[in-house]
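Before we start, here is the structure in question, set down as structure tokens.
Order of writing sets the labels: A, B and C. Residues in every chain begin at 1.
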Amino acid sequence: MSDNILQVKNLSVEFKTFTGTVKAVRDVSFDLARGETLAIVGESGSGKSVTSKAIMGILQQNATISQGQISYSDMDLTKIKQKQFSEIRGSRMAMVFQDPLSALNPVMKIGKQITESLVLSGKISRKDAPAKAMELMKAVAIPEPEKRYNQYPFQFSGGMRQRIVIACALAGDPELLICDEPTTALDVSVQSQILELIRDLQKERNLSVIFITHDMGVVAGIANRMAVMYAGKIVEIGNVDEVFYNPQHPYTWNLLAAMPDMETEQDEKLLSIPGTPPNMLHPPVGDAFAARNKFALNIDNRVEPPMFKISDTHYAATWLLHPDAPKVEMPDVLKKRLERQKAKGAYGNGK
Amino acid sequence: MRHEANSIPVDNVELLKNYTFTEDDFQFQEKGEVLSDTVPEDPPVGFFKDAMIRFSKNKASMVSIFMLLFIIIMAIFGPMMGDFHFREQNVQWDRLPPRIPILENFGIFDGTSVVTVQVANMPNWESVYIETVRTFYQTAGARTVPMAEIRIDAYANVGAEDVYFWFGSDMLGRDLWTRLWRGARVSLTMAAIAVLINLTIGVVFGAVAAYYGKKTDMIMLYIMEVFNAVPTLIMVIIIATRLGTTMWSLIIALTFSGWIGMAQMMRAQFYRYKGQEYVMAARVMGASDKRLIFRYILPNAIGPTITQVAVAIPTFMMTEAFLSYLGLGIQAPEPSVGVLLSQGQEMLLTNPHAVFFPALVISILMLSFQMMSNGLRDAFDPTLRGH
Amino acid sequence: MLKYVLQRVLFMFIALFLVSLFTFFLINSVPGGPFENPAIRPEVRLAMERRFHLDQPLIVQFGHFLRSIVTFDFGISLIVQPSRDITDILTERFPITIVLNLLSNFIIVPLGFFLGSLAALKRNRIPDHAVSALVVVFISVPSFVLASLMQYFLAFRLGLFPMIFSTSQNWDWDRLHSMILPILALSFGGIAFITRFLRGELIETLNSDYMLLAKTKGLRTHQAVFRHALRNSLIPIMGMLVGIFVTILSGSVVVEEIFAIPGMGRIMINALLSHDYPLIMATTVMYTFIALVARLLIDLSYSIVDPRIVIGGGRSAARS
């Protein structure tokens, strides 16, 4: 466990609004090893973006970390000063955003945006900046970097912009890269290119990556481990093949069953998840997923389920794992599909 | 493999320490075969009602409403509360400082003022003398005269021991309390009418220009530019001299180009929203122009509009004060906040209260409008709905 | 580009024409005339009116006026400074008003930026509340009150500045020194305006994605604010500067009065009150012209600040 570069422990984040306190992240714990890619999956509002922003120290002003620690190489990121934080950001950890259009300053030249932080922190001279920018643009496969250097974001396509954002993130040579839904705002045809780029860069530079997405399909190709979040909590976490082939939480079942694959037959029903996520102004007592869970037990309305251990690496928070609970099988549709895919090895861990 | 002994909780064990599991805990909840997707927890709430609910939950907004109501109520009833009529002159009681019963016993609003006299002349003031603030020497030509600043009972000094001007009196001995609230009434009425006119013209003009776009927009934009280029002050003065300085002529003068800001804002808002997909979708589904404008686009502009209105009313009063200073304010003896400010300026150094109270009224109006507009903007922000 | 500028200039002159036309008929609709004064005998009055074409139909008079604009010869003042060449009056007085105005803008922009960003960065904390209070004072206390207060305390009591405008004929230190208080008095409203606007604008941009990216790249908060947020809010603020400039032109009438500054203010008011038609029209044309030119210059400079704006082409945005 010594090679963990990041350790999040019992992290909770709250937002103060006029109408009350929204508990966006509740008691989230995970760690990240060097060179590992962890995918965090969940629907919108599940707290996955907030978690990543808390790690980067860029929460909104009305958000507070109400408890927990974020340990990053002997530092607790929840305690350090902004000045110290800005020295870590960029040079040791960096972030790629969902919408590359709004992430780039519309009135600043591309090349300048890429090397801006390096020049300002004095890591390279103003004179060397263009060469460095072009090197980074080559690394993210931007054609004609010399010409592109002097252009503005509006002259770039969506995919190209995202490559620029990645180049900005790589400029300081970080060891941890957080990707917050980096492909969601892009055309489908461009998505796989960006994913491939991130995967290649990860291997090349031995980056640790936190990859946030709501798309289960993306996870298999890119991550070693994955965490499923629901209503601000991690409900299942494990190696990718563990979670994919042996899912334990009913919510994970639902997510997997809602995702079609090439083999999905025409008359096979895709399962949708009934109901809506709970209002996080007033999180329900017990298991937040109970109201939408076909297999909800009475205890789900009384006590929040703890994390049950399935293997050394695989945990899930559902009462169904308690020894006294009735035996429940995952839906047949899903079972059939998983068997089919297991045979084909469709969800290899991508490495 | 699920029920093996090693499948123990890995964290939050403490939570469960005091919990004893029962049989019932591990029974399935009674649920139908299919979970319904439509379980609205609350009855549906309309956009405006929802906005109003959120507005009333905001403390700052409620405070602002109370402050506004206070000013409005005072503007209605304030002039009747004092002992004086707003144009009643008592020239012998001019420029008196504020004096309020009860409060006068606590050293404020006690009707005293400080005058500078020669020490030699101090016995002349004996009957009204209260205390000496400081003494100093003044050199006048070859001689140095000992001087003193003494606090006197200004009311006793003019033989008005039993008179109370709550906010003091002006240079004609008129009661400033009565005049201030009367003036607030006049100013608020004028400002409200002018803003309403500006709003109507601005909304229609801006909406039409942006909604129809192309040539219509170009022409309307040019019209706005021409109006904007007209030197407002010159125009206001011409209108004031042409129509006299009545309430209505001032309103016309100040709406002459006042609607432009509103129209520009509305135009920008419309451009921002008319291309959005939900508007396109409504258009594809056959919504009429009127429906698109009023139901789909206009509600988005409510926030910025209110902010604009909130600034417009105090600004209007300032412009009016400015005109009063140039002698183009509302016809005497009718007061307005602007008239009071410009008259107060003339005795600013001896009787600062004459400026202080009208300025205070404008400040309160400005602050409460600003707080209210912030609250309304949040309340009407569709992205914050349901929170 | 050139075609666009020419088009704009053409439209500018049409606007100037329309404003003059409107003003001309409006001032002539005001009852009374320059020579309607009981002290002037009727026959003198008639002679004077004939001399200045006031007896002719309005449309002919307007023709005379147009000719005077085109030839840059506005004629002579009738009442305010009788028989004095109007061009002379304007060249003597306009520069003072304009310099006052421009110098105020030089104070307004940096101070407004400073206070606005201070308030936004320290949102809902003491500096923010202090700035808000200052803004409320600046907006709700008229400039003539603030001007008189400064004149009394800073000039009279403390003697830091001259009480009134220097009579020095040159642009020397004395004159500049005596201009400081009037400039300050003219700046308060604009400062309040920019501060308020910038605060709102910055609070929004501070949470924008590109500010977050700038921060995750490792920029310090103040670096991110200065290099990204502030520069981008410059664009809408530039548009407002025209409004501020024009407002100060009006505002300076009062401030000039208080500090006895021989600018356009008094001349303009007197011209309007005494029906000095040629002078009114000349002043109107000048003021309108200045406002239009300011607007044109700002519009043209947008393309420098915002690369997305291509002059003559409107907004363009490359899409994938």
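Simple rule for what comes next: a contact is a pair of C-beta atoms (placed from the backbone, for glycine too) under 8 Å apart; a residue touches a chain by one contact, two chains touch by 3 or more.
Because the structure is predicted, anything quoted here is derived from the model rather than measured.
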item	value
Relative to subunit A, chain with the most remote C-alpha centre	C
Central chain (by mean CA position)	B
Between subunit C and subunit B, distance of the C-alpha-averaged centres to the nearest whole Å	25
Centre-of-Cα separation between subunit B and subunit A, whole angstrom	47
Centroid spacing, where centroids are CA-atom means, of subunit A and subunit C in whole angstrom	53
Interface residues, subunit C side, partner subunit A - complex	123, 207-210, 212-221, 223, 227-228, 231-232, 235, 305-308, 316-320
Contacting residues of subunit C [partner subunit B, same complex]	11, 15-16, 18-19, 22-23, 26-27, 29-31, 136-137, 139-145, 148-149, 152, 246, 249-251, 253-254, 268-269, 272-273, 280, 283-284, 287-288, 291-292, 295
Residue numbers on subunit A that touch subunit B, as the complex places them	17-19, 22, 27, 29, 248, 274-275, 281, 290, 292, 294-304, 306-310, 315, 319, 321-327
Touching residues (chain side subunit B, partner subunit C) in the complex	222, 225-226, 228-235, 237-239, 241-242, 314-315, 318, 321-322, 325-326, 341-342, 344-345, 348-349, 355, 359, 362-363, 365-367
For the subunit B and subunit A complex, residues of the former touching the latter	2-3, 5-13, 15-16, 19, 21, 24-29, 31, 34-37, 39, 54, 57-58, 378, 387
